[in-house]
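Next come the structures, one after another.
Below are two complexes that have subunit A in common, paired first with subunit B and then with subunit C.
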Partner chain A sequence: MKKQSAKPAKAHKKNRNVGIVGIGMTSLSSHKEDQNQPEMIHEAVRAALADAKMTLDDIDCIVHGNMELFEMQYQPDMWHVLGSGAYGKDEYRITTGGTVGATLVCAADNLVASGLYDTVLAIGFEKLQEGNTTGGITNMADPLWFRNIQTGALTGTTAAMMIDEFGAERAKKAAMKYRILMDKHAMLNERAHRRFGLEYDQAEDLMKTSPQLVGELRLIHMCSQSDGACAMIFTHEKKAKKVSKTPVWIRDHITVHREENMSNLYAFEKPEMTHHYAARKLFERNGIKDPVKYFDVFEMYDPSAWWGLDWSREFLQLKGDEHLRMLEDGEFDLDGKLPLNPSGGVIASNPIGATAMLRPAFAALQIRGDAGGCQIKKPVRHALASGFGGTLWTVLMMLEKDLDW
Partner chain B sequence: MAEFYGTTVADIFNTMPKRFKPEEAKDEDIAIGYECKGEGKWKVTIKHGTIKVEEVKGDLKGCATTIHAADAETFIGTTLGKIQAMDALTTGKLRVVGDVKLLMTLLPKIFVQYTAPEKKSSVVAKDIISTITERFRPDKAAGVDMKVGYDLAGEGGGKWTIVIKDGKCAVKEGLAKDLTVKMTMPAEIYVGMMLGTISGESAFTSGQVKLDGDMMAAGATSRFFNKFVDPNAKASEAEELITIKVTNSINCRFATGTAYGMWFKGLKEKKFLANVCPKCGRTQITPREICAFCRVRCNEFVELGPRGTITAADVVYFASPDPLTGAVRETPYAMCWILLDNASPQEAFCFDIKREDLPKMKVGARVRPVWAKETKGTFTDLLYFELDK
Partner chain C sequence: MTTMTCKKEDTTNCFVFEGKMALPNQYFVGRLGSKFIIALRDKKKIMGLKCPKCKKTFVPPREYCHFCQTKIDENWVELGNEGVLVNYAVVRYLGKHLPKKVPYILGQIKLKGADTPLTHIVEGVDIKDVRIGMKLKAVFAPKTTNTLLDLDHFEPV
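Right after this comes the complex of A and B.
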């Protein structure tokens, strides 16, 4: 892996601290035909307002986002005014792909931190059942070259590389253990979409018989397609302390892109992955030497079991098979050293425009102690949340319980 | 035979010939095996627009693809769309040996979607009779003076007299002696007529309904009453969720710009043209205007390949739509990352491999491009790569 040599990114110069004071989400499910888009969004917005003990009068600005082409509808923010409450308010629409939910949180943080707005409501949503996700991703790929060969978001290359590195038996076992761990977490999270009740003794059978999608990426490894919305309310330190007993502070975040062209990902000489770069820079500038030790929870955007497992090494700056050992030793379990995706992750629930926002949302609920059935038992003070999209985009975010960094 | 969602596994197979669309299957020649644990096995043979459905004892033989359901609930649920097929496939409750995409492509094309038989109404004659006074329309019965007797045999039946007089209506148990007309029939026929599932005329013609007295009066009674509405049917109607189906088809045109323009110009001449970063020396394929790492323009073009080495290989089994045609892709196919000769080591090139070479394809294998007969300077010029033996 060759480290990239872009100029070092500086930490955000925050004008003032920003706290998350309201979190609302709908249930996450395969179909929401009982609600149209504004109705679904309204449910999340109401829940966030209730959580923050606020009304729409307290909201100065709304940021709104999804992957518009998944539902093939332009200016959804206009339609959604009926449910978002943006009437008469400033509103921004953001669409960055899989990362959009995380980018919404970054934008809301920046808008409040800068002093442009005091209180910002961010809304991420998707109704994947209303469109065709794989068709959408395929049809939206680089029109000049990659579109002719794109297969949606499916790739077996990571599986092949992990099998090559760790041997077929260990790699396949680990991917299944990761998958079943995510299902076990989802079973504890009443909001999760897919809760199968899988047991570890099914691993052997499923790794052989689950339909192959691409190479060793099988249906069982892949994330769901879900409907759902998430809304979060952000405000500045003074107000956050006033309105909330448990504000969750956004410490820092970083966004890293690759080129839009995927050509140079899988040659013999591989570039530093965006996840690795993002984590390296974010930890460097915040003085985090040992992320596994520092963080109490990591909500990772894990589109498949293979990617989730492989990316844990990149994000946590692990070496060799450290990530496999952490998984095998139960360190990613709810009571492990660093609980990974107590929510069940993206594999369990994936309404794409909301997915990357659900990561900091679930992480913040863990910090507050409000995560319900999937609450980590020991105190959660430091959380890490990631977003992923497109041809490798990374958004990585640090959340804190206390303003003490 | 276990029943789920108001139907059984046998119902689904029994209705298959009726739901079959011969025209859509005229080019098909395939045998599909079905196994539903606890229910049985079936073999469905489709050949040039004909279908044969047979229950099989013992092994499923001679089937190109077999579909296995863990239980009747899974099989019926996924057939009706009550259970997500994707979820059932994910957990292994539904398993396909052979061609998985049959489920998504062929079957929906050649069969009319199965729907559970209409649930028999739980309404009995007595329930209908009890609503007669509230359904009475005095405006239609002005000046009418008659007594209609119903003698309904069987479950939920009984004997009643409907008295219509002075714009009023009353129902009395038993049959009055001075009836204008008496109707005798099985109670279920009466229910069917009232719900509209049985035609009154044919029930009368076939002798299921016997009339005694003034026939004209019997025919006239229906207009004195509002139509009976099945309260159960009404409930299911209210639950219907309305969705709109739309298929979009959009023609697009994209400008290539200079760097990509050179690439397509190269394809026309059956050449792979990359541009070189003057700072780091990497060969960008496909070419981009600048090197994103060094942030400098890349104006120099070099020819790569045409042969190369596979650096990573993906065999795709999932039948995603081909964005160029909208049709479902034929699977399996391979997507390979190829390092063309003379390319810098991090710049692999992604493309398809010849279908026949799939079994022998591996990382490190040498490949060569196969071009279209006529190259036009577009992405269809390059057909695929094949193993370079």
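Right after this comes the complex of A and C.
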């Protein structure tokens, strides 16, 4: 693996600390034919305001985002003012593909930390049922070089590489165990979209019967297409301590991306993955030597079981088969060493524009002790949350219970 | 075992508007892209760009060397129409945007003289028999579309 040599910014120079004081989300489901987009957003906004015990009068600025053109509508922030509460306020629209939800959180953090605004409301949403997801993703590809010869969001490469590295039997078993673990977590999370009730003894059967999409990537491994919205409220330390008994602090975040398709040249020299690079830099500048030991929960953007499992090694800076062993030994379980996606992750619920915001949202609920059925039993003080999009665009952030770093 | 739960909203007296959009659009392919496609279309040749410093040949062509950022846009080299399969995946899901009937093979082919593989469709071999290391040759489309599909597919030598 060739390590990336770019010199990124040092740790964020924060003007002031920023806390998450309000979290709201709609139910996450495959169809929402009872609500239009502004109505769906408004449900999440109301929930976040109620959670923060605030009204729209307390909000100084709104950041709004989803996947560009996935619902075939341009600039939805215009007509979403009906539901977002942005009328008469500063509003920014942000769209960075799959990472958009996480980027919204980063932007809200920066807007408050800088002192430009005191309280910021971030809204991520998607109604995938209304658009054509794979069509949208296909349109993202370069029209000349890649649009005709790629497969949208579905890729079999990771499965092939893991089978190559660990052998077919162990790799396939591990990917299916990861999938079933995510379903077991989703079964505990009343908000999750897909809750199948899978059992580990079904693994053998599913490995044979689930339809193949690309290579060994099967339908059961893949994330859902969901409708839903998430809203979060951010404010500065002084106000956060005043309005909330359990503010969750944003410690640091990092964004890294690379165009992977044109980097075909890497076929012969595997580069340092953006996930690995982001985590390495983030942990380095925050003095985190052993992420598995330090973090109490990791909410990862895992679009498929193969990706989720492979990326756990990258994010957690593990070597060889350490990530497989952690999974096999139950260390990613709810009562394991580092519970992974207690929410059920992206495989269970994926309203894309909200998905990467749901990661820090679910992680913050864990820190607060408000995660409901999927609450981790031991105290959660340090959380890691990731976003993923485009061709390996990574956002990684650290959340803390206490202001003691 | 519990059964699958999928929350269904109350949609009494609600209806869905069905739409369909097909919009014309343009894309300027640039000097490098034009030259590459024209060579493919008119001369049945695959062209790459070589960095004189790094000695690496890139295909598809790019304006700058990925490694040293030297401008390489004039340094065209002709690549062979034959190469080796270095990676592949079998596409099995039926996507409306896909160029071929599934299942089909999407391969990465390292052409003679190139240092990067070209991603393209592989035909003429059963999906059970496809192997990394196979020797493949380019088959050009009889009718031009002015796209990368002027190179229709690769097949075993």
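Here is the rule we use: the second predicted complex is superposed on the first by the 398 of 405 C-alpha atoms of A that agree within 3 Å, B and C clash if a C-alpha of one lies under 4 Å from a C-alpha of the other, contacts with A are read in each partner's own complex, and residues count from 1 in each chain.
Convention: contacts are C-beta pairs under 8 Å (C-beta built on N, C-alpha and C of every residue); 3 or more make two chains touch, one makes a residue touch a chain.
No experiment lies behind these values; they were computed from the predicted model shown.
Chemist: With everything superposed onto subunit A, say whether subunit B and subunit C fit together or clash.
Modeler: Superposition check on subunit A flags a clash between subunit B and subunit C.
Chemist: With the two complexes superposed on chain A, say which partner A:P271 touches: subunit B (first), subunit C (second), both, or neither.
Modeler: In the superposition, A:P271 contacts subunit B only.
Chemist: Return first, second, both or neither, reflecting whether A:E284 touches subunit B, subunit C, both chains, or no partner chain.
Modeler: neither
Chemist: Of the two partners subunit B and subunit C, which one touches more residues belonging to subunit A?
Modeler: After superposition, B is the partner touching more of subunit A.
Chemist: For A:D329, is the partner it touches subunit B (first), subunit C (second), both, or none of the two (neither)?
Modeler: So A:D329 meets neither subunit B nor subunit C here.
Chemist: Pick one for A:M187: touches subunit B only (first), subunit C only (second), both, or neither.
Modeler: In the superposition, A:M187 contacts subunit C only.
Chemist: Determine, under the contact definition given at the top, whether A:E204 touches first (subunit B), second (subunit C), both, or neither.
Modeler: So A:E204 meets neither subunit B nor subunit C here.
Chemist: Determine, under the contact definition given at the top, whether A:S29 touches first (subunit B), second (subunit C), both, or neither.
Modeler: second
Chemist: In the superposed arrangement, does A:I220 touch subunit B (first), subunit C (second), both or neither?
Modeler: first
Chemist: Per the contact definition in the header, classify A:E259: touching subunit B only (first), subunit C only (second), both, or neither.
Modeler: Touch status of A:E259: first partner only.
Chemist: Starting from the residues of subunit A touching subunit B, keep only those that also touch subunit C in the other complex, and list them.
Modeler: Residues 30, 33-34, 72, 134-135, 138, 143-146, 148-152, 154-157, 160, 194, 196, 211-215, 262-265, 267-268, which sit in both footprints.
Chemist: Can you list the residues on subunit A that touch subunit C in the complex?
Modeler: 27, 29-35, 72, 134-135, 138, 143-146, 148-152, 154-157, 160, 187, 193-197, 199, 211-215, 262-265, 267-268
Chemist: Sort out for me which residues of subunit A touch subunit B in the complex.
Modeler: Touching subunit B from subunit A are residues 2, 4-6, 30, 33-34, 72, 132, 134-135, 138-139, 141, 143-152, 154-157, 160-161, 164, 194, 196, 198, 202, 205-206, 209-215, 219-220, 222, 225, 259, 261-271.
Chemist: Which subunit B residues qualify as touching subunit A in the complex?
Modeler: 84, 86-87, 89-92, 95-96, 100, 241, 243, 246, 248, 252, 254, 256, 260, 263, 282, 284-286, 288, 292-293, 311-318, 320-321, 323-324, 335, 337, 339, 345-352, 363, 379-380
Chemist: Could you list, by residue number, the parts of subunit C that touch subunit A in their complex?
Modeler: Result: residues 1-11, 14, 16, 19, 21, 27, 29, 33, 37, 56, 58, 60, 62, 66, 86-87, 89-93, 95-99, 106, 108, 110, 115-121, 147-149 of subunit C touch subunit A.
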